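Letters A, B, C and D mark the chains in the order given here, with residues in each chain numbered from 1 onward.
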Amino acid sequence: MSDALPSPLLALKGIGKSFLGVRVLDGVDLDVVPGEVHAVVGENGAGKSTLMKIVSGGYAPDAGTIEFAGAPRRFSGPRDAQRAGIGIVHQEFNLLPERTVAENVYLGHEPVRRGLVDRRAMRERTAELLASIQESSLPPGSRVGRLGVARQQIVEIVKALALDARLLIMDEPTAALADNEVERLYVLVRRLQQRGIGVLYVSHRLKEVFDLADRITVLKDGRLVTTVPAADTDPDRLVRHMVGRDLSSYYPDRAAPDDPGPVRLTVHNGGNRKLRDIDLRVRAGEVLGIGGLQGSGRSALARALFGAAPFTTGEVTLDGAPVRLRSPRAAMRAGIAYVTEDRKGEGIVAGASVLDNALLAGRAVLPTWRGRAARTARVRELLAAVDVRAATEDQEIRFLSGGNQQKVVLARWLALGPGILLFDEPTRGIDVGAKSAIHDLVRRLARDGAAVLMISSDLPELLGMSDRIIVLRDGRIAGELPAGATEEDVLTLALGTVPAAA
Amino acid sequence: MSTALTLPARRAAPGVFIALALTLAVGWLVVTIDGGQLFSQPTTVSLLHVAAGLGLVAVGQTVVIIGGSLDLSVAYVVSLSTLVAAEAMAGSNAGLLPGVGLALGVSAAIGFLNGMLVTKARINAFIATVGVGLLLKGYLDNGYDGPAGRTAPVLVQSLGYQRIGPVPVSFLLLLAVAAAIWVVLTRTRFGHHLIAVGGDPQVARLSGVRNDRVLIAAHVLCSLCAGLAGIYLASRLGSGAPRVGTEGLYDLESIAAVVLGGTALAGGSGGVAGTVGGVLLLASIDAILNQLEVDAFVKQVIRGVIIIAAVAVYARRALRKAGS
Amino acid sequence: MRRSTAAVAIGAVLALAGCATDEPTAVASGTASQAAGSGTGAQSKFFVQADYDKELALLGATPTGTAGKPWEQVLEPNMVQTAKFKKPGPHKICFSNAGLNNPWRQVGFKTMQAEVETHGRQIKQFVHVDAEGKDQKQIADINDLLGKGCDALIVSPNTTATLTPAVEAACAKGLPVIVFDRGVDSTCPVTFINPIGGYGFGHVAADFISKRMKPGGKVLALRILPGVDVLETRWSAAKVAFDKAGVDVIGVEFTDGDPAKTKKIVNDYIQRYGTIDGVWMDAGAVAVAAVEAFVDAGRPVPPINGEDQLDFLKMWKDKNLTAIAPTYPTYQWRTPIIAALRVLNGEPVSSPWKLPQPTITQDNLAEYLDADMPPLHYAVCGCTDLPGYPQRWK
Amino acid sequence: MQLAERNRLRVRFRPGGLAPILVIFVVLLVLLGTRQPDFLSPPSLMSFLGRSAPLILLAAGQYFVIVAGEFDLSVGSLVTAQVVVAARLIDSDPSRTWPVILLLLAFGAAVGLVNGLITTRLRVSSFITTLGMYLILVGAVYLWSDGAPKGGLSEEFRRFGRRAFEDVFLVGRIPYALLILLAVAALAVLLTRSDFGRTLVAAGGNPRTAELSGVRVRHAKTLAFVLSGLAAAVAAILIGGYSGVSFQAGAGLEFGAITAVVLGGVALGGGRGSVVGAMLGALTLETLFTLMNFYGVSGALRSTVQGAIILLAVAVSAMRSVPAKGIQ
């Protein structure tokens, strides 16, 4: 396929970039032809983000050339690249919740008539764009903050289209989406493709990559490993390219049937504003997977158990004794830990050091003065045990990769010796290597006697890790699946129907 | 901007007008019972004059606060502007345009400096504008030992004292400026960009907004408004007054008015209509307590309580909205 | 857009309602402006030689009027007729006050209120509006008072030049206007009441200090803040005196009336110059702090001036200082009420009404010391015979 | 990738570090020393430290509030209120000294508590809360004292800010204020090293993370305001002692304290900086004032010099650290 394609839309040749003398990208070649979905994969730190920033005008390359639409280009900034026709859909949405859809879509290039912003034109054109991707149900005048995540992403894409983007960069576009929403995204991407728009698709999720991409480029340590047509490769080979390891080594062994110990946690008839009639039991040593769509109550369940948005009805018992989990502190005292979904917003204190982040929960819940040294020593051991890689423990955590940040968060909780661990999307946005390390850790914790609840939108992960799976729908438990269930089983329960097309 | 926990975004412009109506109603009742007259012509004129001065500053302050910044140097800009204008006019009508032009030019330059410090030197707006305020204070203290210059008589007659019915020309100027700023905020690219920068600078930048330019322009606008307030005061006072801005507490009072008007201190939302409401509210409270001959110190206590209470109400409302 | 058109529409309606202006016909005769440094070098633009000479001459003049009631006395009277303001009582007297933001004004205002009480039957209402130290507010206040049916208006202007147009507007309404403390640049008020003034104050203190040191002695001048006309005149007169005496003014510092800042400044000057031969102050507020700075540093207190605040007078006596306290007496707050009633009765009053300005010296110090009054009370208040004394001033 | 991160970090000036303020402080000290060598003699230095104690204390108190992501604009008026209240209550009667000191501390803590509760419970931005409190305190204290301070401070009260242990070996004299400062500073440092101090920084850096890690963010922030109020109380005792009663006692101190904290490398918006830096920032400011006294900078021009130096210092450290966080 690639040989036969004429006149690429985007052609990068020998791109190099260094930060303070460290080579982050080195001699990368890449091209995208109109109507092609070109996926870029690689571990975190492989240079994907830097490459995308160079294409979208965020950074200027130190070496190499960028050709766009047949002409050599040097972008002076994001604005310049946008003008040229390169749009970018960010992993974290770049939208203003207080402003309307139209205002967001045309931010930076509002249509002007007689010196004033032509609001009507803005709304009309937004409506047209929405219609062009068959999303006309979205009103251009509504505040973005009121829209769901999936619709916000549509706004992001429309925002790029509004600039007549001929090349669209999508950086982890599914990170915030539930599975049915991912389906809609697929449809959207294919429509863009049909319109001749080239798509650079960055993702950790190999399933998506294979579902969508025409060609796949693998980066490793800032260098190009290979560019292959998607049809000529498979996930196993791709992962080997990325990390030199087999896909099959992804998930650690499940618990043996008689491994799980006594029941550690039960919920009877639990409910609050987002949950109803929750009944569940988790045993020590078991990993209970929680499936369901975004907004089905998965995170609400974790937050209820953690006391952040407590159950208002029902009973919870811990090791047979009833408990009231009114606040995170109460939950923590009861031995519950919660690794949140939104790592940047709720998981880490970006400006604090690795050590301070790891010590946070212990300091908050079990303040001590005399025991400080011992506690710090224990946390240091834990940081080493979970294999956090940082320059020093005093390094600010924001400089670490997502995987390392997640390990620090884990160390924070392990320092409390929790008997119950709630994981909400523990491997989201984390590179393949760190991902399996975290999987190993989760399993090891269960083996050491912890009860684990794990929420994941990544179905292979959910299926691969869980000893049992509970699927939520509309705030209720839709059903329970044993180990060895299939993706279809989960989806059937999650959607409440036969899945559309997976 | 990042520590948004204590400051949920809010839009509550009408609230201040309800408060204003209530205040005026209750005030009228109390003053009437007290045997006074709240809406007599002189009282109304006085109220609107006080509102005009503070209002011009507060409208400018709204612009920077919406952009997520703030300006604590406005009080000194006001003083400086009165002096520049009055000295350039030197009591002659011929000096009117050069005086106004020069005062606005100097103000704009200060705004530009504020903007550069906040954006290019990346100094927190609080410190940057306090610092610039100190620079100006030194200049004023050193260069002036009292009122100086004389405002052009024609300006004194028009802007300073002319009124149409009970409405002073200066208040009309405030309305005009507020309307212009309203148009700028809602109907121009700059306005849209400014709101974006205040809402989320990262989003704005990645959408191709030139954040620094926008913020600098906002600071220039703010200082221009303060400069305009200075010109008005020069026309009211008949000369330049080196301390009129600081003794009027225009820095903190303008921020209070903006916040009363429902603009979030965090930036990204709010509007100039609310600010005018906030200014009128402050001026009305002042007028009512004045009529009742309430001690100035009691007034200050009441003002403090009202500011806190108003923002608490906004926060509560925003919270309820977020919860539903 | 809609809103701006609405604004224009409102404007048009108002225009139909009738144009009017409160602008006074005669515009203020502002002083010529020249950028003058307030350092030890150039003379302040507030310095007017003629006024200076007149004030210094007044220092030696003998007042006319009741002895022992300095607030009713006049120096070099110049009587004007007031028959046109004659009105049957009781009267409504209105007072636009620059502010109540310092102890001097507090003592003064209490004195004035007490004075009002003594005229119970003649005054039916006394309206007081506090401008909180804001020119802009005082202009609005005066305008507001004009609509209240006052029989006489008393103004204590916040700033001379800037309040002039407003006072002229008040005169134009035809009611008697009496200005005191700081003046206005206009002859329209019926009278302007104040003691001899800033030149006298500054001169007396500077003269005293420079005479108690050898030529070339080092003087530290402590000022409250720049740009207040009363204080500027005091300093400009002191400058003349110091230049004449040939003393070395080693520093002119602003204290903001903050005693802590004062002590730090004095401390650093002591360290920098070793000895200081005299301290001059433009107001007494931080005199005690300045004295303390010398005491704490273990140095003798050089000749110094303060004001008639009791804390300074007490320290003067206790520490046996070489000191003087020129005053700007608070009893001048009584006079405007007296003047207003005389004007409303059609009796002639002096314009200007110059009050005597006593100086407290070592000789008469004991007369003014009163251990029972609060430390920030001003001794020369002329209030001991007023109703409510001393409780009202405590 | 790990390498890249590591290298980028090594070059970076550690944000919130003490290096910039130390450099400025030393430069000012050297300038001072060359102009007035005897300033550096122990007794003079001791007196200087003693009289600088109030601002340093206020900066330490302000540090806790700012690092928690908030502002305290009420400290200046609180100091004034405290001094005026103390004078009226003591009324020159030595026997009332200690009860009044206890009362002042309680009053300071109470004002801090109210600030904290309004900010955290009613969710009013602390800028507004403390601005309102500033107006209220100023108004209330004038009202209560009828516009002029009354009564007087006893000598027992004043000695803390005014007197010193004389004839001390080597250093000549040690002001009581300095000892109080050292004690409070030590306490402040211990507090920042304690679990409370660390979790407070986290609460300022990311309140949501902190909350979900078990930090009682609202408690912590409220306590920060209480600490600031207490610091203001101690500062008021020292200022009242140093210079006596006056309505000007606390004027402008809130801006002084915030400026000092920022000079000391603490980020407005919270999450980074050290209390030692904040206190050093205050000492630097006081050194700057003294420097101007010794160099004879014209009284009127002082604010210009002060403004320029603050802008310069903050700009330099801002260039070297992270993008400035906005005011919240």
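One rule holds in what follows: contacts are C-beta pairs under 8 Å (C-beta built on N, C-alpha and C of every residue); 3 or more make two chains touch, one makes a residue touch a chain.
Everything numeric here is computed off the predicted structure, so don't read it as measured data.
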item	value
Of A-B and B-D, whichever chain pair has more C-beta contact pairs	B-D
Per Cα centroids, the chain farthest from subunit D	A
Chain centre separation in whole Å, for subunit B relative to subunit A (CA means)	45
Distance between chain centroids, defined by C-alpha means - subunit B, subunit D (Å)	30
Separation of subunit C from subunit D, taking each centre as the mean of its C-alpha atoms, in whole Å	36
Separation of subunit A from subunit C, taking each centre as the mean of its C-alpha atoms, in whole Å	72
Of all residues in subunit C, the ones touching two or more other chains	38, 100, 226, 254
Where subunit D touches two or more other chains at once, by residue number	147, 208, 267, 271, 298-300, 302
Subunit A, residues touching no fewer than two other chains	none
Chain-to-chain touches, reported pairwise for every pair that qualifies	A-B, A-D, B-C, B-D, C-D
List of subunit B residues in touch with subunit A within their complex	9, 11, 183, 186-189, 191-193, 195-196, 199-200, 202-210, 268-269
Subunit B to subunit C touching residues, read off their complex	37, 40-43, 45-47, 49-50, 53, 86-87, 90-91, 140-150, 153, 156-157, 160-167, 172, 175-176, 179-180, 182-183, 187, 233, 236-244, 247-248, 273, 290, 293, 295-296, 299
Of all residues in subunit D, those that touch subunit C in their complex	36, 38-39, 44, 47, 51, 54, 146-152, 162, 239, 242-249, 251-252, 289-290, 293-294, 296, 298-300, 302
Residues of subunit C that touch subunit D when the two form their complex	38-39, 100-103, 105-107, 223, 226, 251-254, 256-265, 267-269, 271-272, 285-286, 288-289, 292, 296, 311, 374-377, 394
Residue ranges of subunit D in contact with subunit A within the complex	1-11, 15, 194-196, 198-199, 201-202, 205-206, 208-216, 267, 271-272, 322
